[in-house]
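One chain, chain A, links the two complexes that follow: it is found with chain B in the first and with chain C in the second.
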Partner chain A sequence: MKETILSIENLTVDLLSGGEIRRVLHDISFDVFPGEILGLVGESGSGKSVTAAAIMQLLTGGNKAIVGGKILFKGQDLVNKTPAQMQAIRGKDMAMIFQEPMTSLNPVFTIGTQFVDIIRTHKAITEKEAIQHALNMLKAVHIPDSERTFQSYPYELSGGMRQRVMIAMAQSCSPSLLIADEPTTALDVTIQAQILRLLRATVKNSRSSVIFISHDLGVISQLCQRVAVMYAGEIIEYGVVETILQDPKHPYTKALLHSIPDFSTKSRTLTSIPGTVPDVQAVMTGCRFHPRCAERQEICSKQKPAPVTLPENHHINCWKVSKER
Partner chain B sequence: MTNLLELKMVEKYFTKRSFLEKTQTIRAVDGVSLTLHKGETLGIVGESGCGKSTLASLILRLEKPTSGQILLGGTDIAQFSEDQLRPLRSRIQIVFQDPYSSLNPRFTARQIVAEPMRVIRKWKPREIDEKVVRLLELVGLSKEHLHRYPHEFSGGQRQRLSIARALTNDPEILILDEPTSALDVSVQAQVLNLLQQLQTDLGLSYIFISHNLAVVKYVSDRVAVMYFGKIVELGAVEDVMLHPLHPYTKELIGAVPVIGRPLSEVDLSYQEQKNAAGLSAGCLYYLRCPLAKKHCLEKTITLLEYAAGHQVACLEMENSK
Partner chain C sequence: MKSFGSVYSILRRNSLTLLGCFIVLVMLFIGLAAPVLSPYNPVAIDIVNKLQAPSAAHWFGTDEIGRDIFSRVLYGCRISIQVGLYIVLLAAVVGTIVGSISGYQGGLLDQVIMTITDILLSFPSLVLAMALAAALGPSLYNTMLAVAIVKIPVYVRLVRGQVLSLKEQSYVKAAQTFGASQAWILSRHIIPNSLAPVLIQITLGIGEAILTASSLSFIGLGAQPPTPEWGAMISTARIYALDQWWYVTFPGIAIFTTVVGFNLLGDGIRDLLDPRSKN
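And then the complex of A and B:
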């Protein structure tokens, strides 16, 4: 077994919403290996962002929200870390890039000030060295005029430029794990392609690992080696990207792929999935996808499907697949 | 096919005045000519800031064009006054991108759908009630939803409600401004299929604005590609999407993330939408264009027909002809 950077084992998260405690993540397990880009894909409310927040220990309610499971980062369980210990890990060993760079940058400080601040929090170096390091990082993300960008305020930069700055900042302490939460959703396709290429090149050069969260299967297919498909707080299918996107086994993954307009063919029919993604709060017995599933059987509404593992570590949570075996 | 709507050299300039700097003119829509036939879907694609949404407000006459003609069924409405426009308003309706901000949160579904009918005062109260129920059923909602407020609906249902509202006064043209961008993919398919069903049943014509090329390709009959207020390519959907001629269209299509197609390995340096208009006359795409040559900046480039119904604004194409 290869050594992992991050191992999530049976993670279960409860969050307080509307005065009640709701289970938002159900028994999630996955691994991230060194140098790989793992995709987390799902629709809104599937628990992608909660998973990211749990890994970074940024859940409201702190680690009390984690009611079960382990988050093993380089062998250490993050669930037992104190806030101060986490502070030292966040930004240094693991970093995060958010969807909207405008809201994750401070509008009243220049890029340079914020950049130097991050570097000096984690590294014992002089201001001058930090500035030099920041400029190098900005050059590394191919920003044409790095000195000017260094002195700019976030509002002076375009969306694509801000996202480059975010990637540079996240990489500044060479973290071994980067979590990118829908980093290109707010951008135009041409800029998106640039950012994806950049992200891939940075990972290759630094040998860090990335958890790439997205709802776009096209982006996942272009960037990731393995993917976990999430639905309503569960991972329902998990494995190598090519296998899952070309030969999906779970009815949800299949339906999701059929509901995307295909760019390369002329077809004019699109199969939609009836109904909507259930509310996080919905209490449900059995498989969480069964009300919308085209292949549901009687057992699906009664009992949770047991995970099945096919060759190449292809994991599926579905009664139909487990019965066929 | 008849021309339901025709735009002739429509221009919209905004002036930006600031205290210390020079007054700037922004050409949001710059000499756009296009036609919409009855029963067809015209897709408009382009990156943010290319003037797609300004074009929509001009067609709706929410904005007055700086110059040019907007012919609705043969009548030029470009310079019509508010009073002249009122009887025509119900012929063109719009569905907005964000179903969360485009529905009044204090209105029930019934009030939302009935409001346009109340405004034009053509209908009796009983007729309104009947029509609201019929419209809700038409878009896949039901009677039970009548008295619910927007927050009780999901994103997809809200967008259905927006569509029902747009259909109340029997429009001929619907402008769909990124109608599915805020929706989940599984729900997006439902709304797209509903729109196609309605088009067949009611004989509607659509102007479908989106930055998502795959969606535009799925719904449109013809497509216009916009760059900095100008149309750079226009033609049948298969021609434009499968055999693009303009280098900008090629760049856009190349950037669409397609499952199984590897990410292209071009340069990593930052490039954004650039406007070469400040330099001189000529092609606006000059600064980004891989085929850019000196002569591209020397003359004004017009949209020319390259093949039947396929128009391109590019000197390279003009020369190769």
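And then the complex of A and C:
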């Protein structure tokens, strides 16, 4: 068994919203290995960002929101960490990049000031060394004229530039885990490709691991080695990217792949999955996807499917698959 | 960054703001240069020349014990501007700290602070300031403290509202993921970004603070004789108002001009800093 960087075991999260407790993550488990990019894919509201917040221990409501399971980071359970211990880990051993590069930087300070602040939070070095380190990091993410960018205010930079700066900041203390929460969603396609290339290169050079959250299977297929497909707070299919994209077993994954527009065919209508993701608080028996499933069987609405493991560590939660075996 | 030149061009477009700016600069100059500009010692008594009408020797006339009103008004400028600035700065600093903690922490602390704020705001501000000044004892410093305390809730509410919306900004969340401490996030990310409205409130508040402090001095709770404070001067002058018009008039004009000057400047700064209020 390979050593994992992060290992999530049966994580269950309840969040308080509008006076009601809602279960937003149902018993999810996955592993991240060193030097790996793991994709986390799903529709809006499927629990991707909550998973990220849970790993960072930044859920609103704190640790109390985690009602079950373990988050083992380098062998230590983060659920039991004190806020002060987590503060020392965040930014140093794990860092995060966000969806909105336009608002992820503080508008009243220069890039340089913010950069040096972050470095000096975690490293006992002089200001001069921190500035040099920051400039090196900016160069590493291919920012032309890094000296000028260093002195710029966020509003003077484009979205792509800001996202590069964010990546540089996130990498500045060489974290072993980087969580990228839809880092390219707000960028246009050409910039997207550059940022993805940059992410891939960073991982290769630093041997860090990345959890790449996206709703875009195309991006996931380019970047990730393994992927976990989330639906309504559960991981319903999880395995190597090639296997899952070429031979999806879960009806939801199939439908998701099917709804990617294909420009080679003449069809002008887009395929979509009927219905919407169920409300997180909805009490449901059986498989959470069954109301929208095209291959639904009688048992699906009555009993929760047990996870099935196919060769190559391909995990699926679906009755149809478990019956075929 | 906006250069000084572009700020000047915006100021120039609005002639009222420019007027306010001019008045405030003149008042600041008078306040600073009062000892040089005054022809007489503001507290020197000259009983022989009491209640003289304005003349070449005494531009604004003299008061009931022969003090030169022009000199007293000039020195009063120094006092009033100091009073205005101290009150507003004290209220703004305390209000910003309390408001940001209240908004950032939330929960029970927030509820307690907001309840106290609401109670303070439910009193008419002058009456509350009077009560506080009377309780603290009549002196100029106690008056400043009393008015500042009354003004604090305004800043608390203003900053709390800002903080509540800033808390959800992604750079605040990003700072958390970079391992920043709560105190750091508050002082580096939240407070600096909530300062623009506070700055507007400060400039708009100076005139009001000067007025409130003068009112307290007028009813005898603020500056004590022989301090040349405008409100206190008007207070003694009011019994002479019918026969010696100059005694009440000049300190009155001084208060009026200063308050108008600061308010015009405050409006201009609001237009400058708040893009939504621009036409």
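The criterion applied here is as follows: the second predicted complex is superposed on the first by the 316 of 325 C-alpha atoms of A that agree within 3 Å, B and C clash if a C-alpha of one lies under 4 Å from a C-alpha of the other, contacts with A are read in each partner's own complex, and residues count from 1 in each chain.
What we mean here is this: contacts are C-beta pairs under 8 Å (C-beta built on N, C-alpha and C of every residue); 3 or more make two chains touch, one makes a residue touch a chain.
Every value quoted in this text rests on a predicted model; they were computed, and no experiment measured them.
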item: Touched partner set for A:Glu100, first chain B, second chain C, both or neither; value: second
item: Chain B versus chain C as contact partner of A:Pro261, first or second or both or neither; value: first
item: First (chain B), second (chain C), both or neither touched by A:Ser158; value: first
item: Chain B versus chain C as contact partner of A:Arg90, first or second or both or neither; value: second
item: Partner chain in contact with A:Met56 - chain B first, chain C second, else both or neither; value: second
item: First, second, both or neither for A:His215, with chain B first and chain C second; value: first
item: First (chain B), second (chain C), both or neither touched by A:Val189; value: first
item: First, second, both or neither for A:Arg120, with chain B first and chain C second; value: neither
item: Greater chain A contact set [chain C / chain B]; value: B
item: On chain A, the residue positions that both chain B and chain C contact, one per complex; value: none
item: Chain A to chain B touching residues, read off their complex; value: 43-44, 142-144, 158, 160-161, 164, 188-194, 196-198, 200-201, 215-219, 221-223, 242, 245-246, 255-257, 259-264, 266, 268, 270-274, 276-277
item: Complex contact set, residues of chain C against chain A; value: 1, 169-171, 173-181, 184, 188-189, 192-193
item: Residues of chain A defined as touching chain C within the complex; value: 56, 58, 87-92, 95-96, 98-100, 103-109, 117-118, 121-122, 153, 166, 169-170, 179
item: Interfacial residue positions of chain B with respect to chain A in the complex; value: 47-48, 154-157, 184-190, 192-193, 211, 213-215, 217-218, 238, 241, 251-252, 254-266, 268-273
